[in-house]
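Below, chain A partners chain B and then partners chain C, in two separate complexes.
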Partner chain A sequence: MTVAAAAQPTSSATMFSPKWIAEHLSRWPLHIAVIGLTAAWMVPTIGLLVSSFRPFSGQATSGWWTAFANPTTFTISNYTQVLSAGTTNLGQAFFNSFMIAVPATVLPVTIGAFAAYAFAWMKFPGRNGLFLALVGLLAVPLQLTFIPVLSFYVQHLHWTTNNLEATGIPGLPWVPLWLAHAGYGLPFSIYLLANFFRALPSDLFESAEIDGAGTLTVFFRIVLPLSVPALASLVIFQFLWVWNDLLVALIYVGGTPSVAPLTVNLAGLTTSLGQGSNLLTSAAFFSMIVPLIVFLSLQRYFVRGILAGSVKG
Partner chain B sequence: MDFSLLLQDIPTLLVVILGVPAVLAAYIVGGEYLVRRLPDKNRPQVRPWIWVGPALFLVACFLLIPAILTAIQSLEGNNVDVLDPSTWGPNFVGFKNFARQFADFPTGGAWIAIRNNVIFWLIFYTLFTLVFGLVLAVLFDRVKYEQFVKSLIFMPMAISSVALGLIWDFMYEYQPPGEPQTGTMNALVTTFLHHDPVSWLQDQWPGETFNLLNNLALIGAATWGITGFAMVILSAALKGIPGELLEAARVDGAGEITVFRRVILPLMMPTIVVVGTTLVIFALKAFDVVYVMTSGNYNTDVLAYRMYNQLYLASNSGGASAVAIILLVAVVPVLIFNLRQFRAVEARR
Partner chain C sequence: MSSVTYDHVVKRYTADITVVKDMYVEIKDKEFMVLVGPSGCGKSTALRMLAGLESITEGEIRIGDRVVNNVAAKDRDIAMVFQSYALYPHMSVYDNMAFPLQMAHMKKPDIDRRVRSASKILGLDNFLSRKPRALSGGQRQRVALGRAIVRSPKVFLLDEPLSNLDAKLRGQTRIELQKLHRELETTFIYVTHDQVEAMTMGDRIAIMNAGILQQVGTPGDVYDHPANLFVAGFIGTPTMNFVPVTTSDSSAKASGFELKLPKSVPAGKGMLGFRPEALTDRPSEISTLEMKVDVVERLGSDQFLYGQVGSDAVTARVDPRMKVEPGDSVKLGLDVRGLHLFDAQSEAAFF
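On to the complex of A and B.
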């Protein structure tokens, strides 16, 4: 958003002339509609935010909007309580979410980039058929895969959370979840990157090959640096998708506090604390911190990723 | 928060953050090294498989093969080990699992979930989101602070559906009539409509067999979260319409409503269709909001939740597989449509 452009007057009429005033007045309904709709859209979030700073007695007996009449009652005790209480495990869950989301982003993006490079610039039998199959798999419900994968993990490999934790190898308890997220994220990752790689000018590759550059050099020195925008969108997309995922985590790691991510923990708290508990408000906001920071700082790339045609879910 | 706990976990952090990329880099560098050892003429035959290999392997292991096995499992009893073909024959039950899901129309088996998914969610979620998205895109296009209001509408896209469910739990809070209402929706209803407070998530108005209100409450919460997605894509399509076209229509005396109906809407139709199909897929896969807000109670069940329920609470893997297959069948028309679109785009390249 450029400030300079926003400051320019819309009208060609001289400022404060009758015509100028008429033009501006006629636009008032538009501004009221835009600002009104946006404000209405924010009410649910603001309501929860205000509630999270209200003491339990206030939350239980009056609406969040009444708090402004008596601002002295605002308190951060909901936050200190929910973070210090040993039973909520929010700190551990926060750490777990990172341990899950970082590799579950790195794996499908990197492996997807390798494959997308081959789909875009190498010739091999079955290339188009395989790509079409990937497009078809984009929309397949994940529900279709849970039972066999779970049975393979648990009954055949004995990869239960307990067994994996017992090995003492750091990170190992999340490996089943990383691999599953990688498999689920790959069709979208390959689809998005292959389309981007294909649009790169072919002269680049030819001249690099004439210079004797190997496939690896071309990939790491030419393709990847030129694809930073596409890679950034994909990384943000996949990271937020995994960070916000409830279903896949619920299926593969369940509610064990030492491995469960924030979403599973938070959903568990709604049951253990009871819907409407004052601690839930602060816990919910705690869980939003990372997505909101990622979103606010990298919004441009996130939107670009969405525009690149997402049918993932 | 207990930060000492996080400090203890630093080795885990390092292994994970450095280890995973290291393994991937080692794979591709090692693979190339081996390819270079091959005779010249074999290299182009082997190299692509090194690059696509891991991706194809993971997709086959986590999507393709499990999907086929689930189809088999849906025809088997619960004692089957679907990964062991020798147990398939003895446990074969035919379409029994499906028969159970389709029993006792209209309220038994999976019928409530099917109705909620393919009627309520599919129609209202898709329609509300498209209408809101389109209205917001068109209105915002005309103001200078467009980017700012757009990011505010878009923000719910970044948060998890679990947090979204909690936000709306508080919106829909219910206190008995006469008590001060703590939920925003009920405060509005009692203050402005002078109506008794509504128990949004439990009230099955208009009746026991057509439970609309609480389903709409769930759909409304989900719509609030996804509208930003539709708005952003529709807004990009709107900006793609040449300004001269709109000017020409206005010069010819067309009002803003006519311009919208006769020029903007037809030109945006392809994008609306693409967004619509994506939303249909989201509608059919709805899970998180239902899980957090109602646990499928009061006739708000959906297929994805029913599948989870059958698997974990009922330990009925045959039934869960059957529900998953029903979900697939519901998605297949959209899937075919997507493939057709993709082929049409490819043909134009």
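On to the complex of A and C.
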């Protein structure tokens, strides 16, 4: 991510002059590449969207693109079935996903920001070694941790979904999952933010120090406001990962409908024989709504040139 | 408002990297002191030690009578203007200037009064709601000054504050800074590598080289009586002419001329120094030298001649009306009052 104000190639050439044409032609390869990539990424989603309006029989026998030849077969029954509470319990799963994703995003981003600030701007013994170890953790496959962490939860803390639900405290059954996600997210979160913080001009910190700002004040009033682009991208990244996660949720909270997230619920819609796979298409679309909203609402924080005017002219 | 004393201050990074060596200087209350020297001479480090941004290896720094070695930067009652300005980019001009006061837990109306009066002094009234990125270089520089002024500190530290401005603005700001110094009646300590800034602004100048303080004095002092070869060569543009000479009692012999010295010196090798303006187009009987002119620069108010006297390169600053062409040989008089002699070994000045 760039923080420097990118120079816009502004053309001073008059329209349709040879220079103007040359400038515009030279950008064509770029445009073609961008449009091509976008299209390639869009195709599966569009296919999913079209399929979600086709009946099960159609989905099972022909490709989605053939549906346009026979538009009368389009139906909204997939959506009505998914939404009817009796069959899928989508509302509860939606709520669960939220209850899982929000703390599992806030935790690693918040803790990560504090840690990254320390790694970037505070001197303490073992800083470099610790940071190196952290970067090393990025390479550890999280599947490797399932058994030790889970056995620790269950054998030492007795944190099973049943036990935690039995306490009656709302939210408690998700605690193991929140902690797990925070742990898995932290190395990347610290790594990304520390690099971003480190790039902030040191003069700002010295100036703030002379102005009388303590470490926490510098963090909250200078570092965080200047790191909004990094924080926003990290939030998006972490939220999407948790929202779309099936495996970790399945391991730590299991399939109990009262606590299982949307992904687990969706996976349960289809049987091993393919029954109900038509519902999968429409349900997947429901699950996409939230990431889309998160992405679009945070996108405006990717302001370029946030540091402009700080140091030098 | 306070004096500042560097009492035999040393800054050492490792055993063999010492950037400031045994620096002793007393800066008087309300004085405009300029620390000047080539880059890497330790002047910024000296300033940063006073600011509290660098630790002091040996010696003491006192502000007034208080030893500040172990006082946190924010409690030293100083304000600093950075070369890069270091404005908080996400805050408006007003908030930038209010920030140090908020940190000092000052009341809102007081903050407002101080920020407004500082912005009036600096002509920033109309920009208070702007962000730094919407300001020109000169305006940003003034915001940085304003952020320092609002605190009414005992000592102002300025670390090359003009080096990011264009030449015209720099000249203008130089004058504004002097005015500001008079208005605020506060001690200013100003670091620069530009000897013109040092000469024009400083009440006194401290010249540093390779971590060692070379000379402290008024601009006139260091210009007319440089303590050593380095100071003589650093102060003044074009630089002083240096001609190796052999001395015997009170005469000096160079490759292209010989002259009587105003004082007697021990016999041996020396370095004779004289400024370009010590040469005139009126040859005198006591000391005349013949110069073969290579290049002539006419600046309107001045005329610079670059050429050779004997085998030594010499620059002369002569009356612009004097008619000289490259290739000419001209006879120039040397004003003996402008002569300096330095020891060839120690580089210290005899006179």
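FYI, the second predicted complex is superposed on the first by the 223 of 313 C-alpha atoms of A that agree within 3 Å, B and C clash if a C-alpha of one lies under 4 Å from a C-alpha of the other, contacts with A are read in each partner's own complex, and residues count from 1 in each chain.
One rule holds for everything that comes next: contacts are C-beta pairs under 8 Å (C-beta built on N, C-alpha and C of every residue); 3 or more make two chains touch, one makes a residue touch a chain.
A quick note: this is a predicted structure, and the numbers were derived from the prediction, not measured.
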Which of chain B and chain C A:Ala232 touches, first, second, both or neither: neither
Touched partner set for A:Ser51, first chain B, second chain C, both or neither: first
Touched partner set for A:Val154, first chain B, second chain C, both or neither: neither
Which superposed partner A:Leu247 touches (first chain B, second chain C, both, neither): first
More chain A residues in contact - chain B or chain C: B
Contacts of A:Pro201 with chain B and chain C, given as first, second, both or neither: second
Contacts of A:Ala267 with chain B and chain C, given as first, second, both or neither: first
Overlap of chain C and chain B interfaces on chain A (superposed complexes): 306-307, 309-311, 313
Chain A contact footprint on chain B (complex, rising order): 1-3, 5-6, 9, 11-13, 15-17, 19-21, 24, 28-29, 32, 36, 44-45, 47-49, 51-52, 54-56, 58-59, 61-67, 69-70, 73, 81-83, 135-136, 139-140, 142-145, 147-149, 151-163, 165-171, 173, 180-184, 187, 224, 227, 229, 232-233, 236, 274, 277-278, 281-282, 284-285, 287-288, 291-292, 303-304, 307-308, 311, 317, 320-321, 323-325, 327-328, 331, 334-335, 338-339, 342-343
Contact set on chain A toward chain C in their complex: 201, 203-204, 206-213, 217, 221-222, 225-226, 305-313
Contact set on chain A toward chain B in their complex: 1, 5-6, 10, 30-31, 33-35, 37-38, 41-45, 47-48, 51, 59-65, 83-84, 90-92, 95, 98-99, 102-103, 106-107, 110-112, 114-115, 117-119, 122-124, 127, 130, 132-149, 151-152, 155-156, 170-171, 174, 178-180, 182-184, 186-187, 190, 214-216, 240, 243-247, 250-251, 262-263, 266-267, 270, 275-276, 280-281, 284, 287-288, 291-292, 294-296, 299, 302-303, 306-307, 309-311, 313
Complex contacts: residues of chain C adjacent to chain A: 51-53, 73-74, 78-80, 82-90, 99-100, 103-104, 131-137, 140, 147, 164
